[in-house]
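After this come two complexes, each holding subunit A, first together with subunit B and then together with subunit C.
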Partner chain A sequence: MSTATITARTPSPRRGSTVLRARRSLVVSGLLALLLVAVLLSLAVGAKPVPPGDVWHALTGATGTENDIVVRSLRVPRTAVGVMAGIALGVAGALMQGHTRNPLADPGLLGVTQGAAFTMALAIMTLGVTGLYGYIWFGLAGALAASAGVFALGMVGGPGGPTPLTLALAGTAVSAFLYALTSALVLLDQQAMDVFRFWQTGSIAGRGAETVVQVLPFVAVGLLLALVNAPGLNALALGEDVARSLGQNVALTRAVGVCAITLLTGAAVAACGSLAFVGLMVPHLARPLSGPDHRWLLPYSGMIGAAALLLADVAGRVVARPGELEAGVVLALLGAPFFVALVRRRKPVRL
Partner chain B sequence: MTPSSAYGPALRAGPTSWRLRPRPALTALVLLAAAVLLTGLGMRLGDIPMSLAEVARAVVGDGPDHLVVMELRLPRALTGVLVGAALALAGAITQAVARNPLASPDILGVTPGASVCVVAAIVATSSAAGGAGGTLASVGIPLLALLGGGVGALAVYALAWRGGLDGYRLVLVGIGVSVVFTNVKYWLLTVGDVNDSGRAMVWITGSLNGRGWEHVVPVAVALAVLVPATLVGTRSLGALRFGEETLTGLGVRPDLTRSLMILAAVLLAALATAAAGPITFVALAAPQIALRLAGAAQPPLVVSALTGAVLTGAADLVARTAFSPVELPVGVVTAVLGAPYLIYLLVRARRKARS
Partner chain C sequence: MRLRAVDVKLGYGDRVIVDGLDLGIEAGTVTTIIGPNGCGKSTLLRALGRLLKPSGGEVLLDGKRIDRMPTKEVAKILGVLPQAPTAPEGLTVADLVARGRHPHQTWYRQWSSGDELAVNEALSMTGLLDLGERPLDELSGGQRQRAWISMALAQGTDLLLLDEPTTFLDLAHQIEVLELVRRLHGELGRTVVMVLHDLNLAARYTDHLVAMRSGKVVAAGPPAEVLTEDLLAEVFDLAARVIEDPVAGTPMVVPIGSLPATGERARRNGALLKD
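Right, the complex of A and B next:
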């Protein structure tokens, strides 16, 4: 893998690359182990604790005991949604920061989060849509439409695709515009307000198998596009002119990246609420481990994102018994201080 | 946008000199006139509609409308314009220090800290439990906003300082701190009664409803002191976009400059937020709009402040008239007006760059 790496560094002699390879396999196995622990905890911990033996029983040969039902019908879908959303947001965040070359860029920057929020509020108000499954589709539609609009605005008036700065500023402007409309809607309609305020906190509680099925195709296609996009993004990191002289189609690379970001973030946000800040923080945690190569940064970010979201969700089930605290709040309260500590400890890896 | 228009005659006074740039100066004059006009137009609105001439007569004269205009309408209109200017100036400074066009006082912890304190107070003194009204609300909420903003800014500054103040680390720490505050705020909104959440939402969005002289004075004083102070530091602020070595070579002390500038931005943002809430989008958009209007390399401070004043003043006018008699919070309209205009400027700049 590392022979064809396009990085700003000169490839070191053989000894260096062996060290690098050993380090990478160590990090990958460490992250996989972390994710596995998070998944197991998410299956076992909750209002009704399920012993590890029973979790295994439920997964391999369920016989319809109470624990089997809890694990299979509640915990498994919830965990699956958490893993999917975490991976999606982590990868989308890394893509977004790579494309805009801005550490402040969160995956909702292209209007995805606010697009979803606006259409959902509108659907609740005008069509009387209630229930989670009803408005996921509206959220997705809004996310896709807003993102496409931002990209189109970035394209207007210039060949070769939008520059990172126009993309970021146009996205921020459209997001602010949509947020303003949403707040006007929820201020006028109390029912919409009541749904919106819970959506805004971000949670994976109570998501069933249906949500998994709804969201999975979008996440799968998004991840595929992200993988395809990684080498091109590495070239873009050298600057657009260098990338072009290396034979990159800059506009195409940007378009693929925007598609991936939109699908991943749109799916995650429609299913779990406004959790886009996960994608803002996670790449900063992954970058010191991966270095600037996006082919490693994207998977690392995905794994860290999933583990972080699941662990936050598990912590939220424990701290506020008998109730639960939303994953978004826990993630902010636990994850953000951890993030700040890491930023302080080492010299930040610049984009 | 042509470089030649940015050079003009130099004004010298003793050891200091400023270059008078025609385009920013002209932009500033036009914006100032617009801000004054918008203040006047805002004062026409109310239970008794007035014409501009009647407003002017009521301000100078001693007629029956004098009291209404001076005690109710003028302070409200002034709050809007001044708060907009203060937020925009804070945003321009933040963007220059962070060297990032997406930065705003949110990154300094001011607005998220203020928001979380005020939302907590509104939810805790819920209307169901009698609620805090009258003096307690009108004095308590600004004080709480000031306190929260101060605590938030202190947290960001203390955590970002590590043997020096690095703009990049400041941005990252700011993200972390504002994520905590913002999500706690979201959570608080789900805890209370829906009505309280609604009232809190109005404050978070930014509202000028019922603002009086007690809201005008602190912001006006802050602007009067800090606008000259920041102008003195403009040269150092402009130098911040170069690297550390260049700064030392230019004789700029980067940590001191950044710290003083951030202090100014924090004070401006905190006082503005205390007066009218964190009016959405002004601090982020006004500097970017101003930069494109003035044809500058980085947000020009005075033009940014005037852009913020015009944006907020115009937004308040629309917020009060569009769905009359229902009045929207001004923060809803600032983004609805500002966002399309910023996008228009972006598109136009790209068209020009191509041709």
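Right, the complex of A and C next:
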């Protein structure tokens, strides 16, 4: 009551107000600047440092110098893969935590990661697929199949469509099952084991422009579905009954969300391996900036995800010279303590 | 008659809770459903609000089958506030109320001046204008419940279904919420259907009382006709005196003690007869 009497009866700033708009544009430009810095570092820093002038030269008018070749054939595709996978995992993580209303959910919860791992191992072993480009397709197929299986299993519970709980349970069960199968496969086959070990760590190194082209359509469709899903997710955040009462088709919203998560996560893990930690951590960084509105949380998570993945990759190139540390290792090493600190500092957000 | 349940059969899975129930809600009235725990009153309210699909019979909204209407169209006529709803942490009162505009928005037009107006009106009607920027979790229980009602109000529906809107509130806050319901009805002409546990408050703030037991409507009508000592025994197994509320003039229940369950009473009466 005391605050009510102290506060003058001025209309409070709300959506559309200039204060809020100024804050939004400040955050958006800040995040874009962060992403730009990450991209530039990713292009310039590495086993062979390239000065900023040469990076510019390579991008605008390459003449075939050594630095031009390094930047154009290695660093640009690597950076593009990092940006794409980072956006995909960040957005998928925010979607996943929104749909399950669980702050500790990661995008791999639908069995996507283990599905990709299993089909890749299977393809390497039985079909003798060796090239990276070959097994990305198998990874994608496995990710989609596993997710569809989890969705179908989650639906068994009742007529109202899968609930976050049945989805999480089905996802955990399917993941454990696929993990067991994958372990059995890689124990039998040395070559599958080698590829799989590398893939499991998660890295954006050594991916060519072809990888970008391969997974880009999946990421694009996934992002489009995520965009369509955002207002419905806001309604769902108030509980299923309130969402229905607000005229939201809950089953459809969930299905669209699951499709978006599957496409985004499937594309990212098929191209870069298991980097699910990005999806777990990034929404927690984005939420203080965006608030609980998914129309802002999703794009913020995407931008932060891309920046985080690139910066981790750059750090991995610097710390172990002349060798490199995989981005997945760096993310886990830096991210885990950071995440613990984040959780300890403020209570994990209730969704 | 705006909202009607015709011979509805309701339940979850194989468990039938309500069978063959008829109920009509007149426009511009406040209807309260009372009954013991587990009698199916919340289930009925959920069915009226198309949150639960009847396994038999039908629910009609303005004469049309509610389950065949587009859910977004229903959401412009009928708002439902479930029991103890939850919101994500950090959501402000104004943001919550703004989400009530959901059925009026499309993916390409997210916010209009009409939305702004409806939200401001809903906030001022519920006395929350000054608390708009406060996170929901910092409010008192009564304020929070008012914020949720404000959201349902911003939805701009003629009909409002409230499931136990006073649960977990102290008496002063219960009165605060029910006064608000009375104003929604009196000033805005909204039709309200709610589930309440407090019989005296139900009698005070209601035009039409519906008493339920074991999935059946036992009595329905004005509180003065429905809330009798016989009914309390039949519906709640409660021995009570019903006197006139000295303030509102409505029936007031003064409990004496619980009676044995109806079945047992019937058996005992039978035994007595045999003797």
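Rule of thumb we're sticking to: the second predicted complex is superposed on the first by the 329 of 351 C-alpha atoms of A that agree within 3 Å, B and C clash if a C-alpha of one lies under 4 Å from a C-alpha of the other, contacts with A are read in each partner's own complex, and residues count from 1 in each chain.
To be clear about the criterion, a residue touches a chain if its C-beta (ideal position, glycine included) is under 8 Å from a C-beta of that chain, and two chains touch if they have at least 3 such contacts.
All figures in this text were calculated on a predicted structure; none of them were measured in a lab.
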{"item": "First (subunit B), second (subunit C), both or neither touched by A:Val19", "value": "neither"}
{"item": "Contacts of A:Phe339 with subunit B and subunit C, given as first, second, both or neither", "value": "first"}
{"item": "A:Ala176 touches, of subunit B and subunit C: first, second, both or neither?", "value": "first"}
{"item": "Partner chain in contact with A:Pro292 - subunit B first, subunit C second, else both or neither", "value": "second"}
{"item": "Touching partner for A:Leu127 - first (subunit B), second (subunit C), both, neither", "value": "neither"}
{"item": "Partner chain in contact with A:Leu246 - subunit B first, subunit C second, else both or neither", "value": "second"}
{"item": "First (subunit B), second (subunit C), both or neither touched by A:Arg197", "value": "first"}
{"item": "Comparison of subunit B and subunit C by subunit A residues contacted", "value": "B"}
{"item": "Common interface positions of subunit A, toward subunit B and toward subunit C", "value": "158, 350"}
{"item": "Partner subunit C, residues of subunit A touching it in the complex", "value": "3-4, 7, 9, 11-16, 101, 158, 228, 231, 234-235, 237-239, 241-242, 244-249, 287, 291-293, 295, 349-351"}
{"item": "Contact footprint of subunit A on subunit B as seen in their complex", "value": "100-103, 107, 159-160, 162, 166, 168-169, 171-173, 175-177, 179-180, 182-184, 186-187, 189-190, 194-195, 197-198, 201-202, 205, 280-281, 284-285, 288, 326, 328-329, 331-336, 338-340, 342-343, 346-348, 350-351, 353-354"}
{"item": "Subunit A - residues contacting subunit B, complex", "value": "102-105, 153, 156-159, 165-166, 168-170, 172-174, 176-177, 179-181, 183-184, 186-188, 190, 193-194, 197-198, 200-202, 274, 277, 280-281, 284, 325-326, 328-329, 331-333, 335-337, 339-340, 343-344, 348, 350"}
{"item": "In the complex with subunit A, residue positions of subunit C that touch it", "value": "13, 46, 49-51, 71-76, 78-82, 85-92, 94-96, 98-100, 102-103, 105, 107, 110-111, 116, 119-120, 129-133, 152, 155"}
